[in-house]
Amino acid sequence: MNTATLFGLCASMLIGLGLYGLLTHPHPLRKILALNVIGSGIFLLFGAIAFRGAAAGMNADPVPQALLITGIVVAFSASALAVALLLRLFEVTGDVSLANEDPAAHKDTSKDRPHD
Amino acid sequence: MSLLLNLWTILAVSLGVFFFLAGTLGLLRFPDVFTRLHALTKADNLGLGLVVLGLLPQMNSIHAMLKLLLIWLLVLFSGAIVSQMLAQAARSGEIDS
Amino acid sequence: MTPSLALNLALALLLLGMAGWAVLVRSTQAAVIGFMVFGLLLTLAWARLDGLDVALTEAAIGGGLTGFLLLGAAVRLRSVEHRATLQAPGLATRILAALAAGSVTLLLAFAVLTLPSPAPSLAPAVAENIAMTQVGNPVTAVLLAFRALDTLLETLVLVLAMLGIWSLADDRVWGGRPGFAIAHDASGILHYAARILVPIGVVIGGYIFWIGADDPGGKFQGATLLAAMWLLLVLAGLRDAPRVSSQALRLWVVLGPLVFISVGLLGSWLAGSFLGYPQGYAKLMIVTVELALLPSLTLILGLLIMGAPKREIGR
Amino acid sequence: MTESPASLLLVLAVLLPFTGVIFGLLIGGRHVRTVALTTVALGLAVIGGIVWHALGTCSGSGTAIEYVLGGWSPPLGIRLRADGLSVLMLLAVAVVISLVSVYAHADFAPHDSGKETRAPLVFWLMLLAIWGSLNLVFVSGDLFTLYVALELLTFAGVPLVALDGRGETLRAALRYLLFALLGSLLYLLGAVLLYGAYGTLDIQLLSQVVRPEALSWAALALMTVGLLAKTALFPLHIWLPPAHAGAPAAASALLSALVVKGSWFLVLRLWFDVMPNVVTLSAAQLLAALGAAAIIVGNIVALRQLRLKLLIAYSTVAQIGYLFLMFPLAFGLAFAGMDSAPALTGGMLQTISHALAKAAMFLAAGLIYLTLGHDRISDLRGVAQALPMTVTALALAGASLIGLPPSGGFLAKWLLLSAALESGQWWWGAVMLLGGLLTSVYVFIIVVRSLAPAEAGWMPKTRVPQYQQMAVLALALSAFLLGLAALSPVDLVQLGRTPLSLLRGTP
Amino acid sequence: MTHALTRFVLFALLWLVLMPSLLWYDLLIGLLAVLAATWVSLRLLPPTRGSIGLLALLMLMPRFVWQSVMAGWEVAWRAFHPKMPLAPGFITYPTALEPGLARNTFTTLTSLLPGSLPCEHTRDGIVYHVLDIHQAHLEQLAREEQRLADVLPTARHTP
């Protein structure tokens, strides 16, 4: 088995692992972490594809590699925003649960102010 | 000549790996967080140093060698800082062994 | 089995093991530490895949900054850890999730095995055109010439994420400083480390930034190192986090995107196309953009870690 | 290929709003609104130029507007490309953005003290960012640039959801963000596979080389699922109602009318332009089945809501369903060798009329809340007295959602319905009619309740400025009169597009 | 001024090790980075008080590198020894060095010594964790302090 295929298969499994974590963990921080594992898997897959594209004296296709750098930076910004949101949620509510608030909250109570 | 240099590389890198192994063994065998810190920092410092020394003749220029030495020095310094921070944290009970 | 294959196989297994640990282990802090180790291993994988630029970025941002960010959050959320894990899903959900994840993995594995051979590649097209960009590193040529629009948009992504994080501030402390942890022990070891390491980091960061034109490295990697130095200064209490209302801060933050757009417009005037470079001036324009991006990226990456404004503006 | 200096307008349509964000952030303080409104005015001129240019070529050669960035042509470089779909969406979004800006003028005014405050800064900058990201989605011709555009759109939307700062809006924002991030990652995964298979990310080039094989199918499936999560198509809709209902009115209008359309538009691009020969009719049927479920479930849940804003949010869930009915209709027609253009035009009209009508409804709900101090549907009396124009707008927008003539919704449903009958898929027609019926029930309830006279001596809580009401009415009127587009001599939708049956090759 | 110059030269050497190019634009960027580093360094570590001669410190380096070799060897020996000979404990070393820069330099250097690990600064001195409490650690630390004080005459308290 060659390097690209090996890491491509590894990436497929990483994506599956991350997806499982994302679907089963109730803790939002674990979900963010799982999203990062999925992201790393996708990047690794793209890296394997870039490696397959070695040509013209280059060891790998530089276009996917450049896109990957962009992708890593974008993924980091997403994590930073998600973490900040999570910490703020914790600060305001003292909890990090993502579960639907109880149905009573859907009823109008005069104390809340949805917009102004 | 190059055979001799390769031999040196193999020898030094193997020795380096041996010290990494020693550090890991210490990490597993030693009784508490302080002794483990000894194992981790001191053995790995030496391990890294030997690996760097081993790789030196493989570099194709003087400045690549200097760069490698520089990396070693920086790691040495950071390792010294981090081990002190961890030891302080352990001493004040912020982390538990 | 060749040694190279054995090494790859070991690396792949370690990666899967660490990812599995990060996903499955019970404690969030342990999971994050697992993820950081995973990031380090990933760096090795990138080196095996001949992606040194990517390896550097992954080590700096993917493993380093993300790990730091998640670890900080895990420590802050320690008190609700127990409650958050109470609502663990039932067996049925787990089985369904495993089925979904498993089928995606199978689908992807199948796709990987059916990828065409020889692989399509843009490497020849890059090789043909790289001379016109006057930079030696093909990845830099893609990032700042062929697909410069993506890079421009990426800086805007960073600005928006920063604004999004700032927007989470309480109204009363708007304009204030992020509540980043600060140790005010002037004789402490962190203080000491910051004072010695930061200047060295500045030289190395400058080098990584500059080498990017011809060798692996570049503005993102350099900026990450510089941002880490800045965070070290703030963590050690040598410098306070900046006020988000500071005019100077904002100027430095938008400098990069603004220069990038201006250079793009200049291109549409001089070279007949937005983000185009006139013959012979490509490197000059690319360097101008990169130089302007470096301080902006450094600040934004640092600010993304520091979080929303928390403290009132002291007068 | 048309690359005239006018094509540079495509670049400006994307970058002008973002330049506004940069200057808004830099100048900040009390001037952010001025910067934003100036940018909106300039942006309108740019979009106007694009539309004018498109109409010019439309009567002539009928090709799309293209711009190759930096002179590096694809596959190495990136090109921007605006066909009829893009131009229409650019125009619709520009109209909604400018009218929402007018409405928000007072809501997000600078603080009296002259000090910078959080909400106005965030609102105005994110309004511009949403605009720029959407324009990028419409004109980008590259799958990776589109990924960045999707992320930009998410990052611009999330702060608006959480603008209010209460715990429940933060929770809604975090849920939205997690959904959206998974969605963009799946999209990216599909794009990666396509690059691995065909070595390009350019939409035009890809459409010429993509083959109906397992790899393309996997990519299409992954990308579609990801985009559906971002579009909030049933059953991936659960994040939408709390996120859209919890934001301030002007922000809700942007989120519900515009932001979800970005990812929807990408599904359209993928299915109709990138991989029409990979799509199977049964896959399109599945998509429409989800749409039908969204229509039924969304409308029924909407009917059971007690608060106006939540009702409108659930109505969005239902209306998103309509946007997916066009897929089997268009492909059904193309498979049968018939002209699929009416189905596509119908779908586009549906999107645009929903954008206009939904923005009008959320803004109207905002005014009603200000006037009454609450938005309980059971207690809307007095509204018509205090806000005659707003209730008219609500009724007109409702009429467009239901599909009464001559509204845009009517023309859209008319086109889709005839496509359904023509392609022998009457069941989708039945779903549309049932959906219209359910919609009419809640629109009727809202309007009738608002018409009830107030108690003697009741005074509105706040006096709403006249121009806000006029902005809402203008939105609703545009939705209502959109049906007159049928009288237009040119079908802008088809500008620069190859008929689907040709792209698929003759069956 | 001499301080600034010394640091400038040191950082310039660092740059040249990293990027041994004499092309004018490479040197220009290097100059910018080195100037920035010198400026940052002067801000962070003003040369007026408790000044550490960086050059003098570098002279001490080889000795401590050698110490760290011995330290690694010692730990490896203990880790591999079947009986694992350990007698761990804490000792307090009463130092005359000024708190802050001088003392931290001392602990950082001595953290490389065999068998000792600095863990805490107290009023009585520096607390070290040692692997073998019976060894003459205090004497060795005193020798190292003397060496440090020899190259940095200002580092000690004036008694």
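Each chain carries a letter (A, B, C, D and E) given by its place in the written order, and its residues are counted from 1.
Basically, a contact is a pair of C-beta atoms (placed from the backbone, for glycine too) under 8 Å apart; a residue touches a chain by one contact, two chains touch by 3 or more.
No experiment lies behind these values; they were computed from the predicted model shown.
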Request  = Using the touch definition from the top, list the chains contacting both chain D and chain E.
outcome  = C
Message = If each step moves to a chain the current one touches, what is the fewest number of steps from chain A to chain B?
response = 2
Query = What chain pair shows the greatest number of contacts?
reply = A-C
Key: Taking each chain's C-alpha mean as its centre, the one farthest from chain D   = E
Task = Report the inter-chain centroid distance for chain C and chain E in whole angstrom, where each centroid is the mean of the CA atoms.
result = 32
Request  = Give, as an integer number of Å, the spacing between the C-alpha centres of chain C and chain B.
outcome  = 27
Note = Distance in whole angstrom between the CA centres of chain A and chain D is 25
Key: Geometric centre distance via CA averages, chain C-chain A, whole Å   = 13
Query = Which chain A residues sit where two or more other chains touch them?
reply = 15, 28, 32, 45, 49, 52-53, 63, 67, 70, 74, 77-78, 81, 85-86, 88, 97
Key: Shared interface positions of chain D, touching two or more other chains   = 76, 144, 148, 151, 155, 158, 162, 165, 170, 189, 195-196, 199
Key: Touching two or more other chains - residue numbers and ranges from chain C   = 104, 108, 111, 115, 119-122, 126, 146-147, 150, 154, 157, 160-161, 164, 168, 189, 192, 196, 200
Key: Complete list of chain pairs which touch one another   = A-C, A-D, B-C, B-E, C-D, C-E
Residue ranges of chain C in contact with chain B within the complex = 189-190, 192-193, 196-197, 200
Ask   = How about chain A: which of its residues touch chain D in the complex?
value = 15, 22, 28, 31-32, 35, 38-39, 42, 45-46, 49, 52-53, 63-64, 67, 70-71, 74, 77-78, 81-82, 85-86, 88-89, 92-93, 97-98, 100-101, 105-108, 110, 112, 114-116
Key: Residue ranges of chain C touching chain A (in the complex, touch as defined)   = 4-5, 8-9, 12, 15-16, 19-20, 22-24, 28, 31-32, 35, 38-39, 42, 45-46, 48-51, 53-54, 57-58, 61-62, 65-66, 69-70, 72-74, 76-77, 80-81, 83-89, 93-94, 96-98, 100-102, 104-106, 108-109, 111-113, 115, 117, 119-124, 126-128, 138-139, 141-143, 146-147, 150-151, 154, 157-158, 160-161, 164-165, 168, 218, 220, 301, 304-305, 307-308
Inquiry  = Looking at the complex, which residues from chain A come into contact with chain C?
reply    = 1, 3-21, 23-30, 32-34, 36-37, 40-41, 43-45, 47-63, 65-70, 72-81, 83-88, 90, 94-97, 99
Request  = Would you pull the chain D residues touching chain A in the complex into a rising list?
outcome  = 76, 107, 144, 147-148, 151, 154-155, 158, 162, 164-168, 170-171, 173-175, 177-178, 181-182, 185, 188-189, 192, 195-196, 199, 238, 242, 245-249, 252, 305-307, 309-310, 366, 369-370, 373-376
